[in-house]
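Chain lettering (A, B and C) follows the sequence in which the chains are written, and residue indices restart at 1 in each chain.
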């Protein structure tokens, strides 16, 4: 009896394993199907509601959403295989770091014709973001549809500022203002010789180090010669970050802060100021709650920097160059980029490309931190955006799994006092040039 | 694996039937991809276009990269530490849990826990313990008046720390392998040695361990190969840093294939990795006859 | 007598030590699953969960199961891992017996090839393997997760080879003299002697499949087919991390493995091995 039961159980399991793979019958007739690929695994259910709403008003269109996590490179690998097979989804998310390479390999659709036939497009969406995307992709045509913009900004602990009797940064701060505040905010609260609150914490991560570089008019690569040519603005910025740790001692070294996720240092009030992506507004809202009051403002401007120049980049959708339904894809992309979605689809601190969302009252939500500081993200819409993207960016910048290497790793070494900037620079330039040479 | 009979005791067909599923799996799902990966190692491929044949350029680039030798050294260090640590602790634990004590199931399960806990979670826990400020270990050592080194950030120490955590995580795995082997030792032989008046120590070293040698050989072979595959913990704890201090061959393969999209180059690194493992394994098999014998 | 009790005590002490050293991260994870988000990464580290035995104690668990379908994912993972492990404990003894006890052309060659496959880290072959699965039309099914494990169990085969080698020849000779067929010898004589190995292999194969993230991420697209490891990726993206849910999810994902492990332990009984040769 036991034996039969086991056999039946195994057979059932085996059957269900095979049955689950059965594909659904495709619909025929005039209905067209669009494949939509995204990587936000938190949005699986919301995407279905978005699709349902769209299909209700567009009866001849069916949308298939595929969500694949970016873990282990899964999203990019599967997408790349489709690219090589020339079978890309009609609409898909593509990272700003990849768009230049994809464009140069003919894997993005030129959207100029669709823009030209859509005269109201720049009434509805911020044209500056579209221009910025062309800069990032180094194309003279529009290679994709930006749906949000991301900036890097300065977060500060208002309660700590109050306790130190400092005025809040007002968006016009220079590096000197910043340094003075950092000094006043670095405190040994209980007199035990250990600093309990630092003025600032940052490490070589692209969203932090490059925010400083660009705040000082820094340039990292020569995009004509395609070599690593940091100008004095860039070098001074890195030196400034190092001095904060090693000279002025207002910031701890990355070495000392390891073992703690960098995302939790500001919420734990270990440092009173923090520079990283504006999307941390969302993170901090949830993780800080009401524990203390905090605000967000522009990154301080360095001696060689200019006002209203911001390190930021677009999040974009790309339309497949192989799509058979370009117009329908375009209409759907406009919908998911802003027309059909609400502010809740965007992390606080990201700027939707869709003007109506940014201009709505909800955008500056006075019932949640950082209260009126959210106006900053509206202001950013008229900024000049600068980025460092090139082909091979992840490798030379040291992004993600490569964080301990490249520019990120080098800056961390400098901050840790393991090498000086001038010591590291020659070998850094050699390795980055080698990487760039592979692409250009 | 010497077979003593001088005649075949089975039909010609039988062995082939027995190994047929394994053979199919081997050819289709292992050999085909592996030969492809070898071919790919001679190409330049970014996945989004077609692979381009470039001869041995990947290999020449690899061998002329100074970082490569550092990465190779790291890999060998980890292998040495991991194999020794894993086998020693695995055997000790197996001997420990091979006793009839009440509640042994609980102990076996507890010791096995690190093996089944995800590397991500293990990475989070240990990075916290080993953190310079707020780390539990440094806190305890501080109470004893010892200033702890930077366990994960010191370029010379990091690799041993990572190896230690990896041994901690996987000792339970080698424990259950040794345990399975201990079970297969005939009770009669052990009883006979008791009757002969052997002390526990003598029993251990003269009877158990020699009879365990096929299993020990197996565990050694597996441990060497596992050592080269250790990836997830490095990804979770140090990402190959600081300054390539914990970058290993397999981590490099991952970086190049999935972060830098250099599939051809990644496969070249992979084949160098397999060459090194292959040499070690061949050596292992070669010396087997000096210490590990099947039993009759 | 004293010696025996002393050694017994020493053994127990060592066991407790080993257990503590091994189990503390899991206890920490468990504690974290009962904490609110800001408690989890608060510094200095908090050990006592703030929600334990209070209102909202099971919040994280509730969210993980209802909002993120962990019940479904657990079932999916169980399905895949069970089938893969089952295949291994059937296929591996067969091949091991042939290698250990039989002679045939190419035995050494195939054995060596099989051994070589153990050296391969998954990152090396995953891209060619993906293309292979694509050509076979197996994408978005469980087949790539089950079939290769089912068939090509190099590790399991070697494990059984080493155990079969340790089985006394006397048993083998007796069976041959009795006129038993090869299959009978394998399944009636050798396989039963290796129950410890079977149980061990099942644990290992089950665990390897259960914890695999790379393959499910590449091969499974439909959310209803997600495995537990894929479910864990839903709690973080490039921008945010939900620590509480990751740790709770990790706890939930480990529990079935413990169950399987304990279940299989019953077949690994200490110091008990019938020799099978009478007289």
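Convention: a residue touches a chain if its C-beta (ideal position, glycine included) is under 8 Å from a C-beta of that chain, and two chains touch if they have at least 3 such contacts.
Since the model is a prediction, treat every value here as computed from it, not as a measurement.
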### Query
Busiest chain-chain interface by contact pairs, anyone?
B-C
#### Entry: Farthest chain (mean CA position) relative to chain C
A
### Summary
Between chain A and chain C, the Cα-mean centres are separated in Å by 37
### Summary
Between chain B and chain C, the Cα-mean centres are separated in Å by 16
### Query
Taking each residue of chain C in turn, which ones touch at least two of the other chains?
43, 127, 131
### Query
Tell me, which residues of chain A touch at least two other chains?
72, 77, 81, 260
#### Entry: Of all residues in chain B, the ones touching two or more other chains
47, 128, 134, 254, 257-258
## Note on the structure
Within the complex, chain A is touched by chain C residues 37-38, 41-43, 79-80, 82-83, 86, 127, 130-131, 134, 138, 140-143, 146, 213-214, 217-218, 221, 223-225, 230, 233-234, 237-241
### Message
Using the touch definition from the top, list the residues of chain C that touch chain B in their complex.
### Response
7-8, 11-12, 14-16, 18-19, 21-23, 25-26, 28-29, 43-45, 91-92, 94-95, 97-104, 107, 110, 113-125, 127-129, 131-132, 147-148, 150-155, 157-159, 161-163, 165-169, 176, 182-183, 186, 193-194, 196-197, 199-200, 203-204, 207, 210-211, 229, 232, 246-247, 250, 253-254, 257-258, 261-262, 265, 268-275
### Task
Spell out the part of chain B that touches chain C in their complex, as residue ranges.
1, 3-4, 8-12, 14-16, 18-19, 21-26, 28-34, 36-37, 40, 47, 93, 96-101, 104-118, 120-122, 125-126, 128, 134, 136, 168, 172-173, 176-177, 179-181, 183-188, 200, 211, 214-215, 217-218, 221-222, 225, 228-229, 231, 250, 253-254, 257-258, 263, 266-267, 270-271, 273-274, 277-278, 281, 294-296
## Note on the structure
In their shared complex, chain C is touched by residues of chain A numbered 10, 13-14, 16-18, 20-21, 23, 39-42, 44, 66-72, 74, 77-78, 81, 260-261, 263-264, 267-268, 270, 277, 279, 282-283, 286-289, 291, 347
### Query
Taking the complex as given, what residues does chain B use to touch chain A?
46-50, 127-135, 150, 152-153, 155, 235, 238-244, 247, 254-255, 257-261
